[in-house]
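Each of the next two complexes has subunit A plus one more chain, namely subunit B in the first and subunit C in the second.
Take a look at the complex of A and B:
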């Protein structure tokens, strides 16, 4: 697949009715790529078929701790079609790569295949053969001898206070312990969440092809420039020598933003063989290749007045990480942000266990943090006999309680009001077990969510072509959230063109650069960059029209011209009206183009361009500057719990959200709904089941690791209450993608308490906990 | 997946001969065989494809009952008007099984022979010890993650749950499987593990299920299948019940009663003690709830599955009261 084939035009969409009008930012147009995906015409990265490709299959460790004593490869090497068997004995050593913050590695070398085992599923061998089947067959012929050691299977294996303190997570103001101790009302509870996995339907994997010291990778990828940097560092080649192609992504949720060991092994195999190598992970392998959400445990103590005013929050958390690497799932981020409290203390420990290093799953940090604080505040409401919505309003934070900076915008009060109105919250009976329908106990719950505005600089190229069409290109990616579409809307607006006159090229690291599609930043970053670039190109067009010797407008002696509906005209309507294409022909050009970046707007030195795109080190925190920038939401959930069986069904969901200005309300609503659906799964179904004796995951497949089916999801109503936020982005939008999941699980847990009178503090809320 | 020889016999007789050879496995819908081959449990030397054999996919429902060809698809049986009318519990059990894609592929014969979902059984590389896979090697599930393991019919050798839905409904209504020369009651055909969990059925070398027959009964006509699980679709039962009731002419007194449980036992579990306790009695909630507790006689819980002992009688009671139109 060439980059050109990944170009999407609006004419590809199934909904041609919306192409003629509404080609502006803020219109609810359908996805550029929708029709191609439905028809099977969208070619994903791993569907690329390079000539002479060899197929590789990984062999995972069956033990979680210890070492591989030996791997006998003779039979596998002699099997039909086998080209090579890589083991710790013959795999080359790579250079270690810096992390996503750009921190240099602790050790200079990296061995993606090693004999020392730190988690079950760690790769210990690779078989490469002419066909996938031959490679798979040969993996069974390896003679592997282990020396097993004791493993730490999870947080419950480690005594309270184990692990190490994650110092940057500490938040302290006032005297939280003393204020809690003297508070008239005190609650203190522990909240737990299990290990979870992203489980995109498109599996992770790669196709690697070397030409000399140039590496081309086809891979579903949320961060082309970041992963290209990792490959370049591993193999000691210039960054420019790595090209990653990722035209579409079948779900990422954080699992496709960083390189994993399989990436190093696959690219290494291609280099050793001198042939393209395809390495697609199997579904079970995905569970131990890219870490999901870390298991977490939090204790929250709240001191309050009898009127429900917070006096103190004391929060301690623990999250798991792997033996050799450190991932911190920040547990105090919402705790220290959501409510006005004069005293707060938040500390987090990180515990090493024998697991693949955890990673980013939708709203890492905010998600578990909100489960803790939004459950605890609900418990406080019942403790003092106050409506759970009222207690949230009573403690509404009028400014950022940590930095004391004003919010840029915070439409959370409006979200509570709009959600409550649409849901009918005023008809709620306050007592638990007071609402029922036959065998079903009915419960209504509320919880709030938030996610920071993560800003970054972006770059775009815009071309204006002789046929009057516009082409926008960037190395950002579309993982189903609508990047192709909102980028086209932005360019179309600037040129006054219908959407079907705009083409968008994404997903190729040779295009103008973009940072990670993660942290809900893509739309803000890229609409800013594309808007700036398109305006610059429009000005260039007008300048040419005013000054070019062959321009029909030159005689007008005008100061400016109007560019609209694909035509150039005088604002006084006293001259020619000429299509952009005809104008370019008149001045003898086939195209004009512009490339711009937004470093100046974000306050980044252009010298830091590489670091800006390939790490997240340059991204300003949400509290940089004079304001505190965040998106907000309020979820209202109805559950029906069968009183005999303990089964919980979400029967209604209404969510109001403040993501600032929406570039495409239809796509934004889809994102919020997707987050809510994932939140329903998290609340009721998802759990990595670990055999504590062997630190081994027991449900590494999609029949036993439960995510919601259509039957589990009710109609979901989402309401936007956002207003343009000029501090968040050039066009006024805040983040969308992660926000929707934050607060869903506590809203469901709170609804379950209202229905049953049982408070479930460890997710998921399965029937055995309620029966 | 490992290499194997593929055979495509021309007739059922030819298939029976081929199936008698060691290392041979049948392929019909393939939904179980391919799954087990991928996770390393099934490693057939020969795969005998019977999916094309003629005359084995018919569904006949008459006065005597139903005769279902072993190659009939789950979705076809679930949607058959005669089955829906005469054996609603059978149709309901199928609709609540697997996913639409699987139901469109999987056959009735294969469904009855599906293997347990015990995660230890399905993970041979991680857990070599499994008495089902390697007789005498031990049971890795004991002391492990046991939320979905059996509380009834287990032994120190094996606590794996039979995952079926259809088989539960069939056992409730005395279905039989025709194996060629022999016809056997399904309840006897599916075995509890005892000391030999590797023996799951009474299928002898060279035998193939050709037909499943269900005798007509008044209780089967008034029947239901109730399946309880955390996810609303595509999940195995935490507990399920197939029940059918025949009333005396007074419309209240129970003349005949059928109760079978799923999701809790090492095979589809006919609860005759519940049936006997309620036959001749008036169907009313208290009596039903009391009698339903008998279904758990002899139950033994593991660390994570105590809830099944609470849950299963409630499922039986709800199913009975619903069928009797009291719930």
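Take a look at the complex of A and C:
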């Protein structure tokens, strides 16, 4: 099958059905919120200006371990415009909040400003002033005395101690050790990834305003209900008393889903001052206080036959966490999923170091896990002299190798085929260093990626208005993934309305509830909820048209009516054709509305509504039920390595992906490309450099922590090979957002090996490792 | 320091009288005092390009420019590129058509840079566009679409 055929057959599957029915779900319409964004008219949360707002600036610790002996505040307090200086000496103690699973806290109290230091960048003071400039200057007037203690700088620190076993991560089947020991072909290698950061261009921060015991927060936020719960628990106020407003989010990638210490400190300051406070983190503060992807290392031993059939995988990994909190970056999730192997063992340890608690960065777990296994399988291919694509097909998992459940859909074979065809893989010369252009060594690499389908219950409200427009509202958010657009498309389709007759209100916790926008689940959750609600409202409309005394359709004695193109008509074409707006006017209503949730569809008791929206504990795993549900992709990458200088450039990238049905192929392609680009950064540029002596991040800014620029990125071709997956979501889509990054780094490392004959097992692949 | 100075900025063709401390950046003056939030604060240290505006027709980083420095000069922000309700500038339209953004936060800076990139004569090839658009970071990874948008707009302008 050629790539063009694949595109026609799969990529347009969503489009062609739309064209046939004239519907808009699956159409590549432009971004619904695009007009506001290109004009600078989209107002992000931190751009709200409450009257009388004060400006706050945080002060981070410069030591990574020890304590603050004293903070002299006299000079700062005397500086012009300064309203207050908060330190561990005068900051109140809050109540501790439960975690993201809803587990109660280990200790009852929470002190967001404390003298005990566990990482460099931990906040030790806050200055609040009339202006941003005054607050910033006064932070330099504090007299801070530290008692520095020894810190553990990271996984490479000799004092790291080995950590503890993360038992829930263990996967075992067969006898992996014995099968490895007796395998005819054995490879065993260690793979490392450094600390990385999400770095959306919009900074984290908040504006907090109290009215009595009611708290309003304007904050870029991936999870309004989850963060509202945290605020309510911290301050001991009812959940309903917290309102978070987050109309647009300037990128998240996992960094804006949870409350951090700055949130507690900012809201506390507003309460103490009795006036609104704005607190935005500086870029260096974002690096040191918002947890990025944990540094990891993993060892993979593969035993195989001489024909390349896997016999065993033995996998051990370690990821870093902070001194006081535990974050696990699950390193075995792809190892135990991608390939059919009769024996597997995967264990993970977690190591405490002096860092902020790591967090979720695009595809936490899947991303580093894929770097390990997709590098190792490539090493096996060279070891036995087999094409790297062929070895992946030879070990293709026809079912979930761990649960032994069938896949709901797995178009990975189709992805390999379509990607290879478009890339021209068959023209690849197998030997390393066998392809060159002048003094550029050329390498071609392949790797697969996957991400689980995370289902969840959602809720939406839909209103039909007398002017013939429809309005959808939800507290879900849009951080660039396209929530406004796909929600508008869903509602437009149900009522047969053009998109300009649809309004969408998002990002306000006073609206119908939504869980986290993370784990690539928003589109599946919200299209399901909005579709269900809109259909219910359409039925309500038809019912009114059939039964209302003032309805022009009442005399028809019909069983049903057709709602299409914004009009109501009889399917027998024997009655009036009337616009929805005119009909509402005729029966004397200004609007009708419906609110529905999808608890029944997900199998959750509606009694657990609060837990469903404010924790992630209710989300069923991808293997709940009869199937194993995942998205899949295959990346084909060409690199050019300068033989003299060791510089690596990605010169071509083709990726074929299976995200099921696409609600908007244009936006989905953008998201997949965005993931690939972040993956290029991960492979070649991104590395949090930690000073081993002081456990301090040395490159906490965007000129020294390199993320890709336009000149680093070639044209990228993406091909959808998905088919609708009815088990994944009501409308057949699987996750998109995180999938694209998974497998990019190993595809690049594999291409670099093909180009140079050097296998780089610690990211990023910088020139010093190649020359 | 709290001595304020009186200055008049010419922003998007309108004189704006301001009283501010001399240390206030153009970026903060635009956002905090004039309510022109289209110009974004990304890093506040000249590294990301989100605050790109035009001074006398040339692209400049508003976070590395003091407001007082630009008195008497023409400041153009994203809000001045096309008026509300009017047709979008060809670069703005191309960004929408090519899906050259996702979250939209770097977008005003990208668009202001793109207008300059074309005006400077640096949109002759994709390679040249990539190079001359590399002062504006986009973490969502819209780069190939930004190149396509600049190419499309450059053709439309010529």
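Here, the second predicted complex is superposed on the first by the 744 of 771 C-alpha atoms of A that agree within 3 Å, B and C clash if a C-alpha of one lies under 4 Å from a C-alpha of the other, contacts with A are read in each partner's own complex, and residues count from 1 in each chain.
The criterion applied here is as follows: contacts are C-beta pairs under 8 Å (C-beta built on N, C-alpha and C of every residue); 3 or more make two chains touch, one makes a residue touch a chain.
Being a predicted model, the structure only gives us computed values, none of them experimental.
**Q** Now for A:698: first (subunit B), second (subunit C), both, or neither, which partner does it touch?
**A** Only subunit B is touched by A:698; subunit C is not.
**Q** For A:710, using the defined touch cut-off, is the partner it touches subunit B, subunit C, both, or neither? Pick first, second, both or neither.
**A** both
**Q** Applying the document's definition of touch, where does A:41 land relative to subunit B and subunit C: first, second, both, or neither?
**A** Only subunit C; A:41 stays clear of subunit B.
**Q** Once chain A of both complexes is superposed, is A:768 in touch with subunit B (first), subunit C (second), both, or neither?
**A** first
**Q** Between subunit B (first) and subunit C (second), which, if any, makes contact with A:33: first, second, both or neither?
**A** The second partner, subunit C, only.
**Q** Look at A:133 in the shared chain and tell me whether it touches subunit B only, subunit C only, both, or neither; answer first, second, both or neither.
**A** both
**Q** First (subunit B), second (subunit C), both or neither: which does A:342 touch?
**A** neither
**Q** Name the contact category of A:162: first (subunit B only), second (subunit C only), both, or neither.
**A** So A:162 meets neither subunit B nor subunit C here.
**Q** Considering only touches as defined above, state whether A:575 meets subunit B (first), subunit C (second), both or neither.
**A** neither
**Q** Have a look and say if subunit B or subunit C is in touch with more residues of subunit A.
**A** On the superposition, C touches more of the residues of subunit A.
**Q** Residues of subunit A that sit at the subunit B interface in one complex and at the subunit C interface in the other, please.
**A** Common interface on subunit A, subunit B vs subunit C: 133, 137, 282, 701, 703, 708-712.
**Q** Name, in rising order, each residue of subunit C that touches subunit A in their complex.
**A** Result: residues 1-2, 21, 23-24, 28, 31-32, 35-45, 47-48, 50, 77-79, 81-82, 84, 88, 92-93, 95-97, 99, 101-108, 111, 126, 129-131, 133-147 of subunit C touch subunit A.
**Q** Over in the complex, which subunit A residues touch subunit B? Could you list them?
**A** By the definition above, subunit A touches subunit B via 62, 120, 133, 136-137, 140, 282, 284, 439, 642, 644-649, 684-685, 689-691, 693-694, 696, 698-699, 701, 703-704, 706, 708-712, 764, 766-768, 771.
**Q** List the residues on subunit B that touch subunit A in their complex, please.
**A** Touch list, subunit B to subunit A: 1-3, 38-40, 117, 119-120, 123, 125-127, 143-145, 147, 228-235, 238, 304, 306-307, 310-311, 314-315, 317-318, 327.
**Q** Within the complex, which stretch of subunit A touches subunit C?
**A** For this pair, the touching residues of subunit A are 30-31, 33-44, 47, 49, 80-81, 131-134, 137, 198-203, 248-253, 280, 282-283, 479-482, 666-667, 669-671, 673-678, 701-703, 707-716.
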